[in-house]
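Two complexes follow with chain A in common, the first pairing it with chain B and the second with chain C.
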Partner chain A sequence: MRYTRAHIFLFLSPLLLIVLFMYGMIAWTGYASMTNWVGMAPSWHFNGVDNYIKLLGMGRFWDALKNNVLWLVVFIPPTAILGLVLAYILDVAGWAERIFRPVLLYPMALSFVVTGNLWAWMYDAKGVFNMSLTGLGLKPQLWIASPDQVLYCIIAAAIWQYTGFAMILYVAAIREIPVEIFEAAKVDGANLTQLFYNIVVPNVGQATMIVIAMLTLFSLKIFDLVWVMTFGGPGTSSEVLPFFMYVASYRQGFVGLGSAISMVILLLAILVVIPYSLWFMKRAAE
Partner chain B sequence: MKKFLILLMAAALLAACAAPAPTAAPPPAAIVQTVEVPVPVTVTPQPAAPVAKELVVSHWWTAGGERQAMDVIFEHFTAANPDIELLDNPVAGGGGITLKTVLQGLLAAKAPPDTFQTLSGSELKMYVDGKYVEPVDDIWTDRDLDTKYPEVIGSMVTFDGKHYAIPVSIHRANWLFYNVKLFNELGLKPPTDVDELIAVAKTIHDKKPDVAPIAIGTRDKWTAVFLFDVVLLSVGGPDKYEQFYTGQLDPATDPTLKTALEKYAQLAPYLYPFHGTKTWDGAIALLGTGEAGMMVIGDFGAAQLVNAGYKEGVDWEGAAFPTKPEEVYLMIIDCFVRPVGAPHPDSTTAWLNNLTDPETQAEFTIIKGSIAANLDVPASNYPDDLHQRASEAFQNLRVVPASAHGALTPQAFLSDWQDILTRFLYTGDIQQTISDAATFMESDDVAGQSAWYLAAK
Partner chain C sequence: MTRLSRLSIYGLLILIVLVWLIPLYTMATTSFKTPREVAEGAYLALPRNLNLENYQEAFSVLQGGLVNSSIVAILATLVCILVGSWAGFFLALLKFRYSNAVFMITSIATFLPYQIVLFPLTQFIVSIGLMRTHAGMIVAYTILNTPMAALITATFFQKVPPELQEAAALDGCGPVTFYWRILLPVARLGILSAAILIFTMIWNEFLIALSFTLGTPAQMATPALANLKGSDAVQWQLLMAGSLLTSLPPLAIFIFLGRYYVAGLMAGATKGGA
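On to the complex of A and B.
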């Protein structure tokens, strides 16, 4: 049977509907961000970019943005690198891989609320970490009770959760490398570390791009972990843009402002995804 | 063609990965669908077939103790109105923070429940401003609530001369709970004002370095506000307290605020050091185990301690705080409303009437740990000492609305104030805090949004 263009559109129509719906919602939010909606009852009075100007003048916005950027810098490299190293170890581990791969993937199966609570208990005054420190004769730390340490503590929980994700992508990427290259290198006398640096690392470029793009989008959306572990605290030191958006829209009733924050997050996400999409298109066209 | 498909995929990827944006009507949590049974109206003078009457109730009393207390109200209601089917639709989340979010969507979609819970004051005003609730003056006069309820409660639900909610129970926010064994051991008496509080904290800190003098759990940021409120009451008295939260004071110049923040800063070193990791119930637990000496929190703290097996008078005790310059009852009101466009308005009226009944309130509040709004319920109704004292205080002392959950002060400002105070606990920067307070009082329009309270006084 010959598939015509009509068939293609038919099969794609559910996807098109979803995409239209999503874009419709985004446009609706974009419009809401240019209104003066404050309080429970919707108000669609247009007031231009006032909300955006107000946002740019709020110290809280820049603090939250700074925290998001810190997330990007502190969360993505360790997750990606750890994922790659673990993927390589799994690749050379042989039969042990079958046991360790699911084990390393389990954290991904947990919801962020569970992870957040788990790690908050571990960071508690008498939690696992402090008990280990005092057992070794060291001083217990404040962890998430300290405005300086809190962001890194939350990021640690996220790294624990997402390493499995990076690992799985890299496992697939490593499997794609032709086995002849490895064999040739081994014949030349390369050991495991040299194989890693000289063969694996240069050849997982695509997977790295995917990992970085997905992790970046995740970092821009992080909400549950912050909410559960610290509620943006101590003070507002662990606040991120999505959290600020929620508080502004639903706790304070500044829905217009919250929508503006939401559009800013979308803009940041677009800045990440567009280069990635262009690269993907270029590759596929080749 | 290939390029188009790829573009489509990229668009789908972007759409799927785009940040979650608040849609105009956020999808409500699972709700019970009420089914209306249409009744044919006949012309013949036979009585119409009985209508399947229902009542959909939205509230947040789902925690242990609260759930059983709510069931008491349900029992009383069903006994008085056997033909109305009660459909319970709670949304968990203390103080109604989650319920508000769910309601925002339901109300905007014109699908309100028959009645829902609210906290009076500025919190109720949100619904009034959105034109989502109707006046309940008919019930107010029917049940003679101007005499049965204290005047201040009436003013907390009155906007533009009309009453918009029916209060049912009252919590007290200004209790100081303390560990009895620790106090006896160190020969301490419960403090009566903030200077004594600082002195007692210092004594505990010096004599028992392992015990945190004051427990607080700032993972729930509002606990910082609870502590500040009693400091402000001690420094400035109830008038200044009300003026501050209704935007009548200029934070930049007012000396009371500065003094209150100075005292608050003096308390900061005596707080449980890991308070950022604890929620309020985690913090009150410290009081029970003896790891902390005191905690300022509402009477719901007592319920936690009792549930954990600690005995009043033996392990812990509650003292009103402050008692100087004037002991006041800092109140949190729970009420129910009549939504606009409620599916079963008669059921709503029956429900609201039932709430005012002193017997219902008497039985409910014993389990809930609060006290009845109706003055007909005597202090002797309560089995334990703490609530008898609370009831007497409510009936005899000046009652001041608490800032909690945006009752006295607008929600927007309270949210910002919580952040300012928790930051202050770490920085101790009084000037910055005062300047932040001034900035947010203006941007959250506290004075404008509190005009209703000043008009009602």
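On to the complex of A and C.
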């Protein structure tokens, strides 16, 4: 179809305007991170890297950063592995997939606020976990009321919510493996476990990359679950960077400092987003 | 495959599925219980009566939020899809020298955590005088979600047969006519997938809704629901009724349009893949 320069402008300018505005806002955040901006009224002085130095000296910042890193380590592997195993089981299970897939995926459609409520109720003193423990004659736990357990408890809720997402990406990846490979291995007498390790696992690398990238970005964004389930507590034990950023800039009004935290989040996200987008582009060009 | 291994796989699957359903089950059952039944413990027990008081109370708190969220999510989705697919069409089917560069910067804008622009976005919405209004929320969500809409619709447009474009070009059909008259009707299921994904994302969004509307007449459903938890002793039966009410639109989409929801989700994550 023939088109002119006017068409390029006509079709792409609305999107580009929005995209460039996003970049402009990011630049604004970068600039604000080098000011002593406090409160909603814009009155500020440029203060270079003061906020960053202040941040590096704050235990609360390091705790939030450490929690974000723990999220990456504790959240991503179980979600990806469980998703892959379930995808494989659904693939093997045949007709049953149509019943089971929606049940494993429905948490994805829920708001984190709802997920947070549901899991907070499960972790309650009267909730299902303590009920099961006492039923088995074991000692009830504090769960999200314990500074040592809280992070893992919130992560468990996220695993519940995101496993279905990893699963559908893996289902698609397994479908793309040529049937002949499976057939040949079956003729050779491979059982289900061998098929999984020798054929499925080596052939879903691309899906794994997508899953890890998406779950990493989600981990860096995590805010709602923490807000709803614990409000960062007990104390500040479940705070993550976006939560700390919100509290610093919105609740306490330290916009400069909050923006510096945002820049740290940006830096971490860029490490994933740029390679991922480059890879996208390569695939689109193929 | 042996019968034993098939049985053990089904056994494992059923066990996981039951675990996955517990939160949904307790949301539904707790929402009908009386405060006394909740205090008694029996977490997994069915409610004694179908008592609707929790729903009445939760609805009276949430109804404004549900209406606001509906207005904002529907209108913002429409704008996102319109602006996004307009560009998505050009990027997917007409390709020019810098198509890939535009794809790249759009993809980065889509995937970066939006928390980092929270404060400048606040300043912007305040400066155009739309803070705490539906219009302000629609503008904010349009800015945040249009890049994603462009990527997803572009994915679906790439699957449109090229012959269609060639035939249209032979008939002297220009890009604008092609987009409106041919592409949108032909790719309507892709548009639907993108639309329900973005609607769900906006409906479920919390941070912007909280920052821009908490405690105002424009308050959205998610901050209203989070507020329902309160800081004192939690009224679980009330909170579960509220959670269920807030989940109805996305769950209805998931149940009735599940195929399209999944298609949108996959396109959003893999663009062109799957």
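As a working rule, the second predicted complex is superposed on the first by the 259 of 286 C-alpha atoms of A that agree within 3 Å, B and C clash if a C-alpha of one lies under 4 Å from a C-alpha of the other, contacts with A are read in each partner's own complex, and residues count from 1 in each chain.
Everything below uses one rule, namely that a contact is a pair of C-beta atoms (placed from the backbone, for glycine too) under 8 Å apart; a residue touches a chain by one contact, two chains touch by 3 or more.
Because the structure is predicted, anything quoted here is derived from the model rather than measured.
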item: Fit-or-clash call for chain B and chain C when the two complexes are aligned on chain A; value: clash
item: Contacts of A:179 with chain B and chain C, given as first, second, both or neither; value: neither
item: First, second, both or neither for A:6, with chain B first and chain C second; value: neither
item: Touching partner for A:136 - first (chain B), second (chain C), both, neither; value: neither
item: More chain A residues in contact [chain B versus chain C]; value: C
item: Which of chain B and chain C A:187 touches, first, second, both or neither; value: neither
item: Touching partner for A:255 - first (chain B), second (chain C), both, neither; value: both
item: Partner chain(s) touched by A:227 [first = chain B, second = chain C, both, neither]; value: second
item: First, second, both or neither for A:144, with chain B first and chain C second; value: first
item: Chain B versus chain C as contact partner of A:23, first or second or both or neither; value: both
item: Chain B/chain C common contact set on chain A; value: 12, 15, 18-19, 22-23, 25-26, 28-29, 32, 40, 42, 120, 124, 214, 217, 220-221, 223, 242, 245, 249-250, 255, 258-259, 262-263, 265-266, 269-270, 273-274, 277, 280-281, 284-285
item: Chain B residues within the chain A interface of the complex; value: 2-3, 6-8, 10-24, 97, 100-101, 103-104, 107-108, 126-127, 129-132, 218-221, 273-278, 411-412, 415-416, 419, 422-427, 444
item: Of all residues in chain A, those that touch chain C in their complex; value: 1-3, 7-8, 10-12, 14-16, 18-19, 21-26, 28-29, 32, 40, 42, 86, 89-90, 92-93, 96, 100, 102-122, 124, 126-128, 131, 160, 165, 168-169, 172, 191-192, 206, 210, 214, 217, 220-221, 223-224, 227-228, 242, 245-246, 249-250, 255, 258-259, 262-263, 265-266, 269-270, 272-274, 276-278, 280-281, 283-285
item: List of chain A residues in touch with chain B within their complex; value: 12, 15, 18-19, 22-23, 25-26, 28-29, 32, 39-42, 60, 120, 123-125, 142-147, 150, 214, 217, 220-221, 223, 230-237, 242, 245, 247, 249-255, 258-259, 262-263, 265-266, 268-270, 273-274, 277, 280-281, 284-285
item: Contact footprint of chain A on chain C as seen in their complex; value: 1, 5, 9-10, 12-13, 16-17, 20-24, 26-27, 30, 38-39, 41, 43-44, 83-84, 86-87, 89-91, 93-94, 96, 100, 102-109, 111-121, 123-124, 126, 142-144, 146-147, 150, 165, 168-169, 173-176, 178, 200, 203-207, 210-211, 222, 225-226, 229, 234, 236, 239-240, 242-243, 246-247, 250-251, 253-255, 258, 261-262, 265-266, 269-274
